[in-house]
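Note that the chains are named A, B and C in the order they appear, and that numbering of residues resets to 1 at the start of each chain.
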């Protein structure tokens, strides 16, 4: 999902009359076209999906589905491959989100400076956003290709080690390699969000501080950072959630290999469902993933709460 | 009243009869069958299309439409089709893959539908590979592959090494010795892409009789005996003891080692026999290569995991579908398909046709003469095998070939994994 | 703006960093372009170079000749177009309500927008897939458009409602005082002011549907119904015969529509959307 909007509840004071005199009937009429599909194709399937997690639903001609309670979850906890996928998922999400944030912030800061050619950096910063994840995967596969790929060639020419490594097949390098691609693909939304946040900070504050003799670092610490924090928390949380749910990119790059070293939870769940037909089990996996994401969300809400009361 | 009633009744009767006749006529009209196939090579796609066209022309009562399936996600797509009840009538897949679908009940039993003549055209060992117990045959074997040694003949000639012949093929011992001889400071004896080694190892293990899975007391158990260990051990030792296989290239996929082979970084490479096409299309212009007969352990047997044609259990036109399959896989048509994909046809008569019509007699002769060495591998028929292969076998074999675990540890991991997955 | 106290030194540092970024962001694309211009023999060379030795447009010809590729591009076009239209059409009235009216419905709406981002697709796709089977809509473009619409609704709703918020209420109230009905207000006042927002939202929904992979992977089975991302993925897995050149060419061609559309809307996207969010 690539959107760079922030999630901020609206604080409207003094205008809380029942909105522009719209009757409940009118509102309902306008909302129905959107509400119906949402209910039928989103809310209901979600409920059914959660229900499936407690059944033994699987593929097979005329195979009955039985309610089995928490059996799937019990099996989950003991499933080494699931635990591996989960671990990989966390490593991936945290790494990609953190690196995205640092690089994105750096770039956003750079883009606020009056440099020649920043239009180029800015346009390029948006390109990964416009590209289908599949194409991003293909592109980086071409780079990482051991024989005809450019990375190894550059290493060889620079007399650097690693020219013979098959990055996407190496047990130790596959995950880092994939993380780099994840960062590349996610730079746009992070950079843009942070840039917007930076640009929202009034210049006078900086100028006043500069006049008072504050260094760049001091100004960053005392002015920029506090003002930017809500944006940072918002985009970082969203990034984490999107990254944890990521599928297409890694699927194209490695399909979870080698030997499960890059098997994100979504990939594992997809295989369980659509390769082995274990629908109930896969649904249980999905529920487990929701728990992780929910905790991420709680972190976000806690951050907002702190900021609101600070 | 009666004056009107009788003509009316007669009219109604006539109408009913006419409708009935029309209905019967419509039913005698075309039966529509869909044929899901994952052929992707341009030559094979063209061959498939032309065969289907000629069928449609000569069989106006049974019309076949091709439903293309993505070769990379055949299993996933078939599964979702089956679950959704929208599977095609005729399904192109491979023997090891249909084991799972057979167990799930999605494939029809073809035994009562296959004509005697057709059955006789394909050797019995190949029929064994698609027999899932109690004469339940759920697929027709059509195309197979073997693993062969390809060699850079210039290097071999310069070293004074003679190529093996059909009568005196190389044994594994000879293969290792020669690889070692050909290894020097500038090149390796063999380039071997072992990123997904399971298929190669298990297929060739039959050289030593290693089946891996044995029926004991009604259950399929995993055994890790000397026969099973032989091929894996040989490969491992070639990398780390003989040092005749480049450890770095061992992480590459089978075809990714070709540039090194073409560039003279190694004297030989082990590939699927279909890679002869790669040699021709990608090799440098005067590259002098040859495909050797199958390696020999105690025998030259390799496991057959043929591409298959099955019929969906949910199909309403099983008889018609079988008729089409027998036409599609007759000697002449099968020859066209095999030639397009550079795979070995199940029907020996097709092999003869190919030999007569190709210039590449060297590799094709080796390929077609390999048909006698195909045997059933027990693992091909096990429904849980696919999962064991993906989740256990491949990771563990890779670890062994990266020298991270010992041979005994490998056996233990494979065995424990099977217990968990089956 | 952060102005440093050592202009010259930090300037060099900044330019250096910016160059690194440009290299990091731009080089992969450049490489793909390079691969797309190389012939099959050159692609198997052991030591590749950035500039092709014998540049050729053959890969593009192969890619464009591939009728399946063109077919999948047409499929993508149809589906993305339909998704964008349908989604925007049903989201417009709903976003108006979300923006203007406080109440349970709006809380539910905004809450669901956020919540739906959270749920991993896998949890939804399985029952959705089973539901589509019951409706007979698997392996069909209509089914996919339905799925895409529901999937795209959250952020389309979000974007539109933030645009609506940007329109001052006073305009509406003035019109109502003058006796206009709700519909007249919607059509006469809101819609024209919302036009740029609608364009941006529609294009954004289009791009997202154009790029989408996972849902299409599950819903579509027949290769002739494939969308472009699925078709491209097909190119990737086929090892054995090198198709890297046409793959790169096809991938580049596939990205061009997204890039163009994105370039058009990016100004509004960043300005309009984010100012709406930041302000709101």
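Definition applied: a contact is a pair of C-beta atoms (placed from the backbone, for glycine too) under 8 Å apart; a residue touches a chain by one contact, two chains touch by 3 or more.
Fair warning: this is a prediction, and the values are worked out from it, not measured in the lab.
Enquirer: Between A-C and A-B, name the chain pair that shares the greater number of C-beta pairs in contact.
Expert: Counting C-beta pairs in contact, A-C comes out ahead.
Enquirer: Determine, using the mean of C-alpha atoms as each chain's centre, which chain is farthest from chain A.
Expert: Following the centroid criterion, the farthest chain would be B.
Enquirer: Using CA atom averages as chain centres, what separation in Å is found between chain A and chain B?
Expert: Those two chain centres are 40 Å apart.
Enquirer: Using CA atom averages as chain centres, what separation in Å is found between chain A and chain C?
Expert: 15
Enquirer: Give me the residues of chain A that touch two or more other chains.
Expert: Residues 145, 147-148, 274 of chain A touch two or more partner chains.
Enquirer: Scan chain C for residues touching two or more other chains and write them down.
Expert: Residues 44-46, 130, 218, 230, 233, 236 of chain C touch two or more partner chains.
Enquirer: Going by the contact rule already set, what residues in chain B reach two or more other chains?
Expert: 80, 83, 253, 256, 259-260
Enquirer: Hey, which residues of chain A end up touching chain C in the complex?
Expert: That would be residues 1-10, 12, 15-16, 18-22, 24, 26-31, 33-35, 37-38, 41-46, 48-50, 52, 106-107, 109-110, 112-113, 115, 117-118, 120-121, 123-135, 137-143, 145, 147-150, 153, 156, 184, 187, 192-193, 195-197, 200, 203, 206, 210, 215-216, 219-220, 224, 238, 241-242, 244-245, 247-248, 251-252, 265-266, 269-270, 273-274, 279, 282-283, 285-287, 289-290, 293-294, 297 of chain A.
Enquirer: Could you pull out which chain B residues touch chain C in their complex?
Expert: Spelled out, the residues of chain B in touch with chain C are 40-41, 67-73, 77, 80-81, 83-86, 253-256, 258-260, 262-263, 265, 272, 274-275, 277-278, 281-282, 284.
Enquirer: In the complex of these two chains, what residues of chain C are touching chain A?
Expert: Result: residues 1-5, 10-11, 14-15, 17-18, 21-22, 24-26, 28-29, 31-32, 34-35, 43-50, 89-91, 93-94, 96-97, 100-103, 105, 109-110, 112, 114, 116-128, 130-131, 146-147, 149-150, 153, 155, 157-159, 162, 165, 169, 172-173, 176, 182, 204, 207-208, 210-214, 218, 228-230, 232-233, 235-236, 244, 247-248, 251-252, 254-255, 258-259, 261-263, 266, 269-270, 273-275, 277-278, 280 of chain C touch chain A.
Enquirer: Show me the residue ranges of chain C that touch chain B in the complex, using the header's touch definition.
Expert: 40-41, 44-46, 68, 129-130, 132-133, 138-139, 217-218, 221-224, 226, 230, 233-234, 236-242
Enquirer: Going by the contact rule at the top, pick out the chain B residues touching chain A in the complex.
Expert: 75-76, 79-80, 82-83, 100, 104-106, 195, 248, 251-253, 256, 259-260, 313-314, 386-387, 390-391, 394-395, 398-399, 402
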